[in-house]
Amino acid sequence: MTLSAGEFAAEPLPTTAEEAPTSVAGRSPWQIARARLRANRVAMVAFVAIVVFAVIAVVAPILQAVGVIDATTLHPDLVQGPGAMPTGAFGGISLQHPLGVEPQTGRDLLSRILLGITLDTAIAVAATIVSVGLGVVLGLVAGFYRGAADWSIGRLIDLILAFPQLLMLIALSPVLVQRLTDAGIPSGNPSKVTYIIAVLGFFGWPYFARIIRGQVLSLREREFVEAAEMLGARRSRINFKELLPNLWAPILVYSTLVLPTYISAEAAMSFLGVGIVPPTPTLGNLLQDSVNYATADPTYFLAPGLTLFIVVLAFNQFGDGLRDALDPRSDRAGGR
Amino acid sequence: MFQYILKRLLSIVGMLVLISISVFALFFAVPADPARLTCGKNCTPAIIEANRHALGYDKPIVTQYLDFMKGLVSERDFPDDPVIAKNSPQSITHCPAPCLGYSVTQGQLVSKMIKDAFPITASIAVGAFVLWIVGGVGIGVLSALKRGTLLERGLVSASLVAYSLPTFFIGLLLLNIVSIKYGLAPAAGYTPFLDDPVAWAQGMILPWITLAMVFAALYVRLTRANMLETLSEDYIRTARAKGVPEWAVIARHAMRAALTPIVTIAGLDLGGVLAGAAITETVFNLNGIGKTGVYAIQQLDLPVIVAVVLLSAFVIVLFNFVVDLLYAFLDPRVTLR
Amino acid sequence: MTEQQARTLLDVRDLRVHFPTADGLVRSVDGLSFSLAPGRTLGIVGESGSGKSVTSQAILGLHRGTRAQVSGSISFDGVDLLGLPTRELRRLRGNEIAMIFQDPLSALHPYYTVGRQIAEAYRVHHSVGKRQALARAEEMLDLVGIPNAGRRLHEYPHQFSGGMRQRAMIAMALVNDPRLLIADEPTTALDVTVQAQILELMKKLQQEFGSAIIVITHDLGVVADIADDVLVMYAGHAVEQGAVADVFYRPQMPYTWGLLASMPRVENPRGQRLATIAGSPPSLIAPPAGCRFHPRCAYRGLVEGDACVTSAPQLATTEPGHLVRCHLEAAERARVLGNMKDGVR
């Protein structure tokens, strides 16, 4: 809870996915969830938006490589005046530059936003994978072996959550980025990207671990684990073969909700000066740069900000719908 | 009860010691040389070396850590050097306990910086807290009671939109568009409450809204979910069967149970923002704990970084503790062990 | 007829409670009629999902404000409860008509002391101060046999044992001397000895207060112990109703036979298996055509043709005050019943 939502929302929406469905007569939980999800129009729109963003994320670097979009070429001819502001209305919008150009450099804004989506999504996905990986392993260990392992992991979680996380994310940057460079990762942005993925992933795993631990504690009371044990299955085999299929629902829901918080986290880090630096575009550093022109060139300020907002909103809406679809109690009749 | 409090206090101390050790280990391993920051352009290696020695940066990390910890209970002097003390006593800064160190870049005692920054952070945090609790919980309860209506849908959607807006984007939007461009709101700034309460509130309005927005959205969702859950409980049916009027069923029975968990979350979140609202403070250029920390990080001002992180951790751990006590007080089923 | 009406406290006519859901309309109660005289006890028996609890909640109007559709009439002391404005119904709730719920732990508010909850039930209907109401609560706890009532008044529900909690529930229900007490599975959550104590307590209090009682249960033992009349429900309507003695000694319909046969008896030979009713309760969205019990009925073959599958049997009088819903001929029923008794005894 220490990473306050208001500050940057690395604490995802509360989820009740812990009560994931077990079985309802006839249809499998999968089918029920799919049917419910399909019926949720908002979630489906959000899903389409996510697919669109995913396609952009994959295609943008290719388009840049083949020259369809161009995020790097400077267009000094398109900016003018003392502030080197874009020529023309609304930040220099034209057929060649649908969202206008950046002040000073005259680079194409749309291209930069598209490429920014690529890097932001890649970072968020990677950080989510790190969080899920660490959280699932440590959560399984805590839930399954209980005792000393559970206690140690619990205390470790307490310790991590006691740190002011946002401050740590930026404070660790000078120390760790240098370390990563020393360790052989190219200096500059590659080291920074690695750093951002690592710290976001690291500060995110406790939430996953807690959910997984709770799930394991309740699942191991159920018969199938006992049955597998009696049939002589090895502990580790039970952990991964028998339990994981029952954990997919909470992991999936929680990942969908945590991913957008990582996207805004990257932007927040850029804003506080420890993010990826231009000319490599991210939504965060575009927004950070555009702050200086917020009143003079609102297009430049609003375009990356609104893109960021729409990406985050789409993930939140979809995650919300997914959770409702997987939670059998969510269609409970109203109060009396 | 007494035993529990004692145990918790001990574990808090243990936790803070652990945190302080990790912070020292992390930051004093930093490649940047803090002594380098002590003098300006015309620096000679000799001066740097002298300053390094005077400020104790040449001592092993463990000794520096122990000195720091000692400073929490006893006074220190900066630089702690008998020769300087003898020759030019006016250049010595005396640091009374609890001493958090001396910031060379700022030429100030860290405790003084914190003392100046904390009221600003507290002003932002408390005002935003009131705003998001009143707004979030109020709208949450309302949307639960209006379940299935258009109003509920609108409120829930609006809360998700607000939740998806990054804090600094909201802040920048309010600052640049609402305040600067159209002048619809007073500019942000800090006036001590005791000097001029009206100016204090005016300067805080935008930071409050910025910080409260995302929290309010979160609390709408939490409150709504808890209310719906509670309204389907058996004891709510019992209350209705007793003939309790509907308003009292909601206020006395449902809200009492639905809002108790919110109290604990609110306590933790308040602790979180009191530990520094770095983004909001940076957006509105208010020198609270968060911005002090961010600035120190940018300047690699190690004593300040360490102090801010430790103070924030202390506030967070303390609020965890208070919230646990509060919960035991609010929920009769909880016993402290 | 007028004399009859004067003696009737509660009169339920053609009660229907339907819930619209995504899968269709759930007809939980589908045309139920019964009446109850002051000081009498009616047992409503049936499997879970037969509509017993829904019926009891409909009497108190607890479905108001939900999507439930309630129709028919419920008249209490001549007042139509279904048409009553909620404000006036609220004056009856807990005052004239009180209710005891199945699981007292979840039915009591976890955050308030037992004393405070009982006192609240009293204060809602009497303009008295807190202290007076608490004194009344203590008196009630004492009456229902809770030792150290003065001290336990200030304890929370989770500090009570199961039996004590149900006693507290009863104290809360009786605090306003209700004329009708509805007990929804009052003893299900309790172990057998406590169960007997609670039933004893209810009987004793009924004599003292003269309340009418509706006991809702799936346990015929409870009905035999406490009730004067019994109503057997199946899939939302009554399949058999009458005086306890009549229904227990001359049950007239296969479902009741099944229920009675599945009851453990001391006199049953050791090792004899308890009979069960094959199959599971029917869907309330699309109940079976004809007799709703026919898919599970072992005696269908004794009815000429396919009446059980095609036409719904009506409730019919077999002897004064004894109604039954079944296509079986009276003579067939008597024969089967005779064989059954021979078999059991």
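Going in written order, the chains are labelled A, B and C, and every chain counts its residues from 1.
FYI, a contact is a pair of C-beta atoms (placed from the backbone, for glycine too) under 8 Å apart; a residue touches a chain by one contact, two chains touch by 3 or more.
Keep in mind the model is a prediction, meaning the values are calculated, not measured.
Between the interfaces A-B and B-C, more contacting C-beta pairs are found at A-B. Averaging Cα atoms per chain gives one point for each, and the point farthest from that of subunit A is the centre of C. Distance between chain centres (mean CA atoms), subunit A to subunit C: 54 Å. Distance between subunit A and subunit B, defined via averaged C-alpha coordinates, is recorded as 24 Å.
Separating the CA-averaged centres of subunit B and subunit C is a span of 57 Å. Annotation for subunit B: residues 237, 240 touch two or more other chains. Touching two or more other chains at once are residues 333-336 of subunit A.
Counting partner chains per residue, subunit C shows two or more touched chains at residues 62. Remark: subunit A residues 1-9, 13-14, 16, 42, 158-159, 161-164, 166-168, 170-175, 178, 260, 264, 267-268, 271-274, 287, 291, 294-295, 298, 301, 305, 308-309, 312-313, 316-317, 320, 332-336 touch subunit B in the complex. For subunit B in complex with subunit C, the touching residues are 233-235, 237-246, 253, 256-257, 260, 330-333. Across the complex, subunit A is touched by residues 15, 18-19, 26-27, 29-32, 128, 132, 144-145, 147-148, 157, 160-161, 163-169, 172-173, 175-177, 180-181, 211-215, 218, 221-222, 225, 228, 231-232, 236-237, 240, 254, 265, 268-269, 271-273, 275-280, 282, 290, 293-294, 297-298, 300, 305, 308-309, 312-313, 316-317, 320 of subunit B. Looking at the complex, you find that subunit C touches subunit B at residues 57, 60, 62, 86, 90-95, 98-99, 101, 103, 106-113, 120-121, 124-125, 156, 158, 172.
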